[in-house]
Structure formats: structure tokens, C-alpha cells
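First chain written, first letter: the chains are A, B, C, D, E and F, and each begins at residue 1.
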Amino acid sequence: MSTLHIVSKSPFRTDALQRCLSLVAPGDSIILIEDGVLAVNLSILGERISGTDVSCFALAGDLIARSLTTAGTEIQQADAASFVALVCEHRNSISYG
Amino acid sequence: MSTLHIVSKSPFRTDALQRCLSLVAPGDSIILIEDGVLAVNLSILGERISGTDVSCFALAGDLIARSLTTAGTEIQQADAASFVALVCEHRNSISYG
Amino acid sequence: MKTLTFLARSGPYGSSKAKALLDMVLSAAVFEQKIQYIFLDDGVYQLLSDQDSAQLGAKNVSAALPALDLYGVDRIYLDTESLQARGLQSRQLLIPAQPCNSDEIRSLIADSDMVFSL
Amino acid sequence: MKTLTFLARSGPYGSSKAKALLDMVLSAAVFEQKIQYIFLDDGVYQLLSDQDSAQLGAKNVSAALPALDLYGVDRIYLDTESLQARGLQSRQLLIPAQPCNSDEIRSLIADSDMVFSL
Amino acid sequence: MIISLVIHAAPGTSQGAQTALTFCQAALDAGHQIYRLFFYEDGVHNAHALAVWPQDERDLNAAWATLIRDHRLDAVVCVASALKRGVLNTDEAARYEKNAASLEPSFEISGLGQWVDACLHSDRVVSFGV
Amino acid sequence: MIISLVIHAAPGTSQGAQTALTFCQAALDAGHQIYRLFFYEDGVHNAHALAVWPQDERDLNAAWATLIRDHRLDAVVCVASALKRGVLNTDEAARYEKNAASLEPSFEISGLGQWVDACLHSDRVVSFGV
């Protein structure tokens, strides 16, 4: 029974990712969408998820639009179908604005 | 020839105040409006303006609505007429979202 | 009955978010769901007493808070860290709220069927 | 002729702000004003090459950037600190922009009749 | 699974409406049931029948209407949000003496009770554009 | 002084529209000339004629219309922003075969050229609701 954390705002301009990282629990997952994908290379995110059982995903369409990649990170790319699957696999979700 | 910096977003949730403080120059003024008034007791703001010739104002209506005061700070209260006067006294203005 | 958790993260008046979340809470209360209402980040400003929004021509968002109890919404929490980061004291608050930390919020969320954050 | 300065602070696609500011710049250019276009904060992402927004069903915001020169918009600046904070390199950029720091931006602002930030 | 969506963002202003639309289509493609789309706050602008999109952009208002009709989805706009934003059906337009309705007919106007009902009858409720 | 305002925010969603209105009134009270109000992006919703406000809230749409009429202000909504958001005058409604206009008649629809013109002819241009 875990939570999917949906982050849609830039970590450089808002507190969305910061609040997400303070609430994420073991077994939870994070998905970066829209401007949330700007966090993809952020060290505070990488450090938070590395070696834990928190998985982190980023919407591929949002990455490609912004010319970003997950190369060299532990973040996995997700398409819309995977996003739906993640919602189903977790008991609940939180959308951070 | 100086600038009026208009900050309307919370310093706890956005980078608006931070960007304002990085761009404020000697002789400029800052006015906190809307959720920007949540910065009224913030030490990084107080330290930045203390002992400089940067003046800082906060819209009284926004303070009162949020049950905040400028007591113990170097921030001056402004009403709408003072806001208009500040706009006129400065060469230009920047509204930070 | 479902357990619905509400994360109030926005200050009052700057946007319609505080009011929009409160309206969701009150609607869920009418349908007698189990409600957990958590004030954190700028949401703690919603709880300050002596708000007076008359000059803004806006409704006082805090006016409805005392009625939460009548609606049976009695699981109201306040993130202590958010309060402290803003230099606020719990004696300035309009309604009682149970102080909590991130650990406790995580466990409230884990117990929830659905979570709404505004 | 007036000196108009534009602070592009938003990333592309997440909101309409990047496009809205660009449209203001292009309109001012048509009227042959002196334009200073400064990319800072998440605005630096607007300049990245190889943006492909087809999957989003949205227009590529960066497609219009190479045309800025034709419109006579040649005072384009890039905040180096914003670029570094995001781990980006200037060789990833689609159009040339003059690197600048906060001191230089302050002086560009001081020379402006009006400033618009989005 | 049974899924409902809450959409808070206007199309054309923030990306949230587009993300929600893509998510909804993917959920249907995966065989899930969409119990309800609930449009709240600025989200009600997705149901605005008078919006005219530029020819070189994807018309999100039309895309929602098509998706809702094709899959016979239950799409509700919050009445309080809609009135304040000028999204009215024929009844509301008549009641408030406005000269026109502006609600795209594939949407219905109702209250937050429909959102609570969606919470009760869905396995998952996902929020977009907050 | 000669002042123009650019309004980016919708009323009812963010406080920016209300701040702009109060500022505009204060500027007029102080004897300044308002050259133009330019409504851009979500700001065009301030000109939406179909908005219905709750009785216990200040109707910002009506307040703008009154201020504009009383002071014969030049109020322009950006055409590109307005079309996409369903704020149409009679001409635009006819052109795009929509069944109704939704622009409050005290506002005019025009392009960003009117914003540039405001910059050229004003001493100060202030942005609200960004």
C-alpha cells in the first residue's frame, strides 16, 4: 500500500519537489511530469532515491520536448501507458503543484 | 533612474523574492503584494535591505487580510495610493511571478 | 466509507486554492467520509486568527474553519516544521490543530484511499 | 524609440508564459523598439537545441528563436549562473546568446524604459 | 480498474489539461474504466464551447469533446467554478439572464457532490494541473 | 503621469486582477491618466460577459466594466489570448461560426500592437498577475 508522487512543477522555481521528497516513504514511487522533468539531473533527487526502494520515473514526452535525457541517472522513462500502470500499482497518488 | 521590484508570490513556495533580491540595485525599491507579503518577517529580506538605500514596502490590505504586521521590521506599509506613487517615482518596474 | 486526506499547502487570498480545497473538504464531510485535513507549507497561514480581507473585497477564508467541527471534520493537523519555518506560533491559530511532523504525515497518507493537495 | 527589456524566466511547454513573452518581443520588434531579451532561471531551457514537442501536441517554442535575428532582435543575453545551476552547457544552445551575470543584468535593467518578466 | 480524473487547469495556459487528456486516452486504451472526469476551478475552461484555437495548434477543447463522445464518458464541470468563469449551460444562462450558453454539450454542470461520488466509486482518483 | 496596465490573471483564480483594479482606481484618484488597460493571456477572462459571481463576493467582471465605462478607459483584450479562451466579440463569433459573443462590450479586441503602442505612449507600464 504505497503512494505515487506526481511532480509537475520545476524544482528550481517552486517547492513541489522539495515537499514530495519530504513525504516520500519506502516503497513509494515518484513520477516527474510537465515542468517537473526539469529535476531529472538534480543531485538532491538522485541522492534521495539512490540505494532506496523508491523508484523514480519521468514522462518521456515531456523530456523529449525539453531536450532532456535520463542518461546517467537512476530515473526511468515512462510513457502514458506506464503512467497509468503506476497509478494502478499504488494505493493512492499525490499531485504536487 | 531606479527600479520598483513588485513581488507577488510567496518566498516559501517560489523563487520570486530570491530573483528580486539578486536583481535589486542601490536606490531601487521593493514592494511586496498579494502572497509576496508572506516575506515580511523573512531574515534574508531584512538583512538584504538593512543599512542600504533599498526601501521595502508591503501593501497594507494584503498584510491585514493575512493577519501579518511589519512590526519589528524595516518594511513600510503602503496603501494603493502609495503603490501608485512608488510606480511614478521609479523609472521602471519589474513584476515577479 | 473512504479515507480522504487533504494537504492544504497554499496561503489564503493569493489564489483560490485554499478556498477550493476547503470546499472539497466540506463536500466530503457532507457525505460522511473519513477526512484528514493537514495544513502545511503556506497552508499554515490559513489558520491564523484575525484575518481581515474586507479591503481586498474577498471573503474571509478562515471564517468557515470553526464550522469544520460541526461538519464532523475533527482530524485537523498542522505541520510543525512549516509553522516554525515561517516564524509563527501555534497560539496565533484560530482553531486547534494537532501538531505533527513529516513522519506522522507520511503515515496519515499511507492510511488514505485518496489524497488531494492544493 | 523605447528600450524594452524582457526577462524570460519560465521553461517552455509547462505553461504558456515562454510563448507569451516571445510574442511580446516579436511585436515590439515589428515596431522597431530597442529590445533586450534576457534568458534566466528556467528561461534558459527555452534556448536548448533539439526540443521536440510533437508528442505533446504543442508547438515547438524554440522554432521561432532563429528568426529573432531577422526581426532585428540581436541583444540576447543568457544568465550564466542560471545555466550552471541547471547543469547545462552553452554548447547545447540553439542560438547564440551573450553570457552575463547579475551585475550586467542590473545595468541592462537600469537602462530600460520598461521591463516585462514572464 | 475504475479511475476518475480531476482536472484543475485551463487548456492553453498550463500543460495540465493536455497531460490529463493523454492519461485518459491511455487509461481507456489499457482497458480501464473512466468513471468520471471532474473539471474544477480553471479546469472548467476545457468545457468552453466558444474557444477558437489557432490552426497550427492542437485544439484541446475539441479533443476533450471528441474523447468524451467517442467513449460516452461522464464529464462534469463544477457549477461554482463554471458560473464564476462564464461557462454556462442553457438553464444557467436563462436563470442568470445571460444572452448565451457557453458549455460544450458533451459536458454536464453539477456540484462537488459528483466529485465525492467519484471518490466513492473509483479505485483511483488522479488530479491534474494543480 | 500617463500609465498603462497589463493584466495577466483571471479574476477568481489569482489575486492579480483585483490588485490591478485597485491600483487603477488609485491611479485615477491621484489624477494620473490611464492610457490603456491591456488584458493578456488569462487576463482576458476579466472581459468575459457571461461570468456569474456569487452574491457574497465582489463581482470583479462587473467592477472592471463599471470602472472602464465611468472613466471612458481604453480596455483592450489580446485577440490571440481571447480566441483560445472563448472570449469573442460579435464579429469574431460570426467569423468562427460560434453561436454567441462573450465579450463584455466595454472592452475591445485587438492585437499585441496595442500593447506596444501603450509602451510608446505611456510613462509607466505596470504588469499584474504574472
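Here is the rule we use: a residue touches a chain if its C-beta (ideal position, glycine included) is under 8 Å from a C-beta of that chain, and two chains touch if they have at least 3 such contacts.
On a predicted model such as this, the values are computed, not experimentally measured, just so you know.
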Classification of the chain E:chain F interface as same or different, half of numbers criterion: same
Chain pair whose interface holds the most contacting C-beta pairs: E-F
Centre-of-Cα separation between chain F and chain C, whole angstrom: 34
Chain E-chain F separation of Cα centroids, rounded to whole Å: 26
Inter-chain centre distance, chain A versus chain D - centres from mean C-alpha coordinates, in Å: 27
Residues of chain D touching at least two other chains: 9, 13-17, 41, 56, 58, 113-114, 117-118
Numbers and ranges of chain B residues touching at least 2 other chains: 8, 12-13, 15, 34-35, 61, 92-93, 95-97
Touching two or more other chains - residue numbers and ranges from chain E: 8, 12-15, 41, 80, 124, 127, 130
Listing of all chain pairs that touch each other, if any do: A-B, A-C, A-D, A-E, B-C, B-D, B-F, C-E, C-F, D-E, D-F, E-F
Chain B to chain C touching residues, read off their complex: 8-10, 12-13, 34-35, 38, 41, 60-62, 64-68
Contact footprint of chain B on chain C as seen in their complex: 9-15, 41-42, 45, 48-53, 55-56, 58, 85-87, 92
List of chain F residues in touch with chain D within their complex: 6, 8, 40-41, 80-81, 111-113, 115-117, 119-120, 124-125, 127, 130
Chain C - residues contacting chain E, complex: 2, 4, 16-17, 20, 23-24, 27-28, 30-31, 33, 113-114, 116-118
List of chain B residues in touch with chain F within their complex: 6, 8, 33-35, 59, 61, 79-81, 83-85, 87-88, 92-93, 95-97
